[in-house]
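Note that chain A is present in both complexes that follow, paired respectively with chain B and with chain C.
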Partner chain A sequence: MTKQYALGIFDDEDVLLHAVENVRAAGVKIYDVFSPYPVHGIDDALGIERSRLPIAAFFFGLTGLSFALWMQIYMLGVDWPMIIGGKPHISLPAFVPVAFELTVFFTCHGMALTFFTITGLYPRFKVPVMDVRATDDKFVMAIELDETGSQYSRLTQLLRDNGASEVNQKEMTNN
Partner chain B sequence: MQHVSSLREPLVTGGKTLHDVTQDICYQVEAKPNLRWMAALSVALFFLGVFFYSVYRTVWYGIGEWGLNKTVNWAWDITNFVWWVGIGHAGTLISAVLLLFRQKWRSSINRAAEAMTIFAVICAAMFPVLHMGRPWLAFWVFPLQNTFGSLWANFNSPLLWDVFAISTYFTVSLVFWYIGLIPDFASIRDRAKGPIARFSYSMLSFGWKGSAKAWSRYETVSLILAGVSTPLVLSVHTIVSMDFATSVVPGWHTTIFPPYFVAGAIFSGFAMVLTLMLITRVVFRLEDYITLEHIALMNKIMMVTGSIVGVAYITEFFIAWYSQVEFEGYAFINRATGPYWWAYWSMMTCNVITPQLVWLRRVRYSIGLTFVLSIIVNIGMWFERFVIIVTSLHRDYLPSSWAMFSPSIIDIGLYLGTLGLFFTLFLLFAKFFPVINMAEVKTILKYTGDNGPTYNPKAHAAHAHHPATHGAPASAPVTHNQHD
Partner chain C sequence: MATLTHHESATAEQLVVTDGARKTFFAIIAAGVLVLILGILAQVMGWGAEEHAAAAHAAGGHAAAGHAAAGHEEGSSVLLKRIIVSLWHSNVFFLGVSTIGTVFMAINYVAYAGWSVMIKRISEALSAWIIPGAVIMLVVFIVGRHDIFHWTHEGIMDKMINGKPNPGYDEIIAGKSGFLNLPFYLIRMVVYLAIWAFFSYKLRQLSLAEDQLGGTVWFHKSVNASALFLVLYAVTSSMSAWDWVMSVDTHWFSTMFGWYVFASWWVSGISAIALTAIFLKQAGYLRALSTNHLHDLGKLMFGFSIFWTYVWFAQFMLIWYANLPEEAVYFNQRLGGYEGRYTGMFYFNILINFVFPFLGLMTRDAKRQMIIMKIVCIAILIGHWSDFYLMFMPATLRGENGFLIEIGIAAIFLGAFLILFTRRLASASLVPVNHPFLDESIHHTT
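So, the complex of A and B:
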């Protein structure tokens, strides 16, 4: 299924930021904004909620820590106790380094995998983009049009009034 | 939006626009490899061949090919291991610690420095694996039940901690580096002309489009990865130092080792970053991105960490005397005046005395001197590890077993070989990957480039006389409610 989008192309992050606020204030729903680098303040302007990734990271870390402690206590304390250097079987201070490393390991990889999964990042043969300049030097605001595309002229005016250097129409196959 | 003082030196010079950044950095990815690059790669490949030959000799004939003897049973292998791991640390310091401290100048150098980390850790990992003698049994270091009984790995051993530390460090650095590369791969993909390039960079870019939500998550992930990498990088060299510090060998058995090793690691790492950056900026014409200001800042970090290392050397000596432990005292007197005095004094000269030249502004801002200095520091840090390992071992408690160490040709081949491996990887990276983080440089461009609204060279010149009369130009769209 293909969809029509109106693309407002902006040259400057601050102009874009104000445009996002004004377009939303005019009651238009923004599909997405594509930029070559993270624009600070755009989350608030677009109403993107704070990511819950840090919470996930915490629980991944907790998993790593628990796993590491369980592993070391089980292996050296329960399954095959051995006297090493006359120390207790479960000598917790010696287990700290591995516990720490595995906490970091689980946090990092758990969070990276979560990030890739929820953002839909995985190797692909072809990547259809709205406008190739969005990864170079332009800021692209995409607004979804209905099937007739009737709002296009009104949106063109709105985007132009808010500083868009050009406005294009683009058809994208839904992916 | 960001606010940057008009007094700050611009981080990117040459009046670059966003498009210029893409253009300049993608240029060497898209251009045909030039002759200098090919020449450098052939030298690196030659040494890579030396590496493979030395590995073959080591694996086929055993570690008897090395110059080790019954007394000195750790020498070049572990020296090289610690040296390479240490070099890696600067990359993480730049990518993680400086990110947390909001040091924007890191943007131009973090990509290459992180690449250096990854390649240095690969080189480092060769040595512990090879010095096992039977590297095909390397999986024994993992906590797997062995096939002869139900023994597990010994978690009380710092050598095992090292396995976990290095593997975590390597994989975390790799993921951190790759996530940073994704948006830049997307930039290259969207410019790519040929079908092979478009296909490869589509695959590498993981379908990145730069949508606002993706960027928001990207920043969250970067921050948290930086947050966990910071203690991680400190832990890695701490654990490496514990390989020595938890033993009872005089000269190794010191509590000062963890901070001393971490400072030394950052010291040598920054030296290597400088060596690589000074070459890269010239070869790829990136002088506007890696400016003299960057070089001076890295020099300062090198000087600070070098001084910490100097204090550590002196403290070690003092404690050897103050503890009144006969063997400890002898180990240190032997270091400075024994048969390996030349190694000790090379280390002292290279690591403690020469970096102090950086106090002079002229040296700090001089490309030639910085380059020479960075090489000297790398040599000095290699000697540091050699001194710690070999001079502590070669005269043990039993004078009849005292011995000297001399490297075999295979020892030397392995060391030069890992240099070949490192430079092969780095040159391939520099050709096919963007050497500077484009997305991040673009973030800082508007406010810290010399064409930005806030930088005012006149104000800069007038600063000494009228500090209160200037600021950002009134027209500049600068807000002060800036939280980052």
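So, the complex of A and C:
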């Protein structure tokens, strides 16, 4: 499905931040903002809700911890019991390092995979990019247009008034 | 909550220590004295004496207690011993926390950190206890060292006395005489304390001069002083931990010990700073302090509680796994030794210093709530005081430890500490108005 976007290109992050506030105040819904680096305060300005990723992280960690404990207890206590250092087969202090490492391993990999999946940053053949300069030195504000694209001229004016150095229209094919 | 808007600049804020606050501090001291007297009475009247006798007997014959019997021959009565050991215990804890104020500030200078400027004066004031703490430390060591340190006992390092074999001779301790001898120990103690006191004074003076005169020259001087201090502190904190804490267990040693003690001091110091910031904020000071600063302090407390656990466990696991008698004796004494009188505290230590802050401060919202932060800060401070209790008591008092005298003395220290701390807080603006990163701190977001 094809969608039309108005792209406001900004040279400066402060100008962008104020523009975001003003554009939203004018009642326009911003689709997204693209920047070469994380801009402080942009989440609040865009009114983005806090991510629920930490909750996912907690459960990934819990999974890792349970897996590590199960694995060690099963392997060393049930499947192939061995006496190591004269300790009982199932001795928790010996399992702590592995449990810790696997908790961290599951948490970080789970978080990274979840993040890439949800934000659509996973690898694919055709990558939708609004404006390649957003990976270099420009800040891009994208506003979704309706099918006719009738608001474009009004938006151009609004973006220019708020410090955009140029405004483009772009058609994107979403998958 | 009143916070500054974008374009308003921070102005000097003067803390006024109210009479009510001062009364509270004296009340803490009075309560401490009361508990102390109660504890002394309990000891003298022999309340719970049967238990003591049984435990002492058990310790004497206990294989795990190792050298327990040797230490009993010399030294003061149990009462005096308990008082001296508690003085040393609380002083090591409060002196360490006090020094962390300067360490925290120095790290922030060296890192060119901006966010912490808002709480810089709190960490400066925390170090007000270094000088009194140093004096107490020297006095307690000179007066009561025999009750704390096994290696100071007369003749313990002499193989022969008047041509006859010395029955009190301890070969292992004699082997450590190159490091653990009185003159060298005293020189080291004075050097550590002098370094800490000097740099806390120096950074404070630079900071006050900056308030008066402005300009960035003070900042750069502070960065240089901080860098030097951190190098020296890295060495002295570790060595002071061997000297003041580890050498009470003279036979025993652990290469993790310096980090272990530092981790304990460090997380307590950060909790003390956070707790003070919250109290000041709730009293209407530090207008520009926001939940973002609190959030960052919470992250540090959370992270360093895990760090403490990491170090604690690294020490525990290797000793547990290798199970060498000379090393394992440390945990034998604390886990099940002396009729199991330290076992409860051993597990309490892990619960309050790891499990509670770990689960309590895990979510973002918890770190941004003053009430939760307050509870966790207090828990961490109590927890690490108990951690030091566990380092000292089994080694010095063995089966004769108690709580009333120890808590009483800790409360007296706390009251005195708070009086000096708030006096220094009130002696300058709570906001370092000419700090070059002040604006960054005001606009800090996480």
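Simple rule for what comes next: the second predicted complex is superposed on the first by the 173 of 175 C-alpha atoms of A that agree within 3 Å, B and C clash if a C-alpha of one lies under 4 Å from a C-alpha of the other, contacts with A are read in each partner's own complex, and residues count from 1 in each chain.
The definition used in the following text is that a contact is a pair of C-beta atoms (placed from the backbone, for glycine too) under 8 Å apart; a residue touches a chain by one contact, two chains touch by 3 or more.
Bear in mind the structure is a predicted one, so any value in this text is a computation, not a measurement.
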Partner chain in contact with A:E171 - chain B first, chain C second, else both or neither: neither
Chain B versus chain C as contact partner of A:G86, first or second or both or neither: second
When both partners are placed on the shared chain, which of chain B and chain C touches more of chain A: B
Partner chain in contact with A:G41 - chain B first, chain C second, else both or neither: both
Chain B versus chain C as contact partner of A:D146, first or second or both or neither: neither
Overlap of chain C and chain B interfaces on chain A (superposed complexes): 40-41, 54, 85, 87, 94, 97
Contacting residues of chain C [partner chain A, same complex]: 313, 316-317, 320-323, 362-364, 445
Residues of chain B that touch chain A when the two form their complex: 1-2, 17-19, 21-22, 143, 150-156, 158, 160-161, 164-165, 167-168, 171-172, 175-176, 179, 182-183, 186-187, 189-191, 199, 202-221, 224-225, 228-229, 231-232, 235, 239, 242, 438-440, 442-443, 446, 477, 484
Chain A - residues contacting chain B, complex: 12-14, 17, 32-43, 46, 48, 51, 53-54, 57, 61, 71-72, 75-76, 79-80, 82, 84-85, 87, 91, 94-95, 97-98, 100-102, 104-105, 107-109, 111-112, 115-116, 118-127, 129-130, 132-137
Contacting residues of chain A [partner chain C, same complex]: 40-41, 44, 50, 54, 58, 85-87, 93-94, 96-97
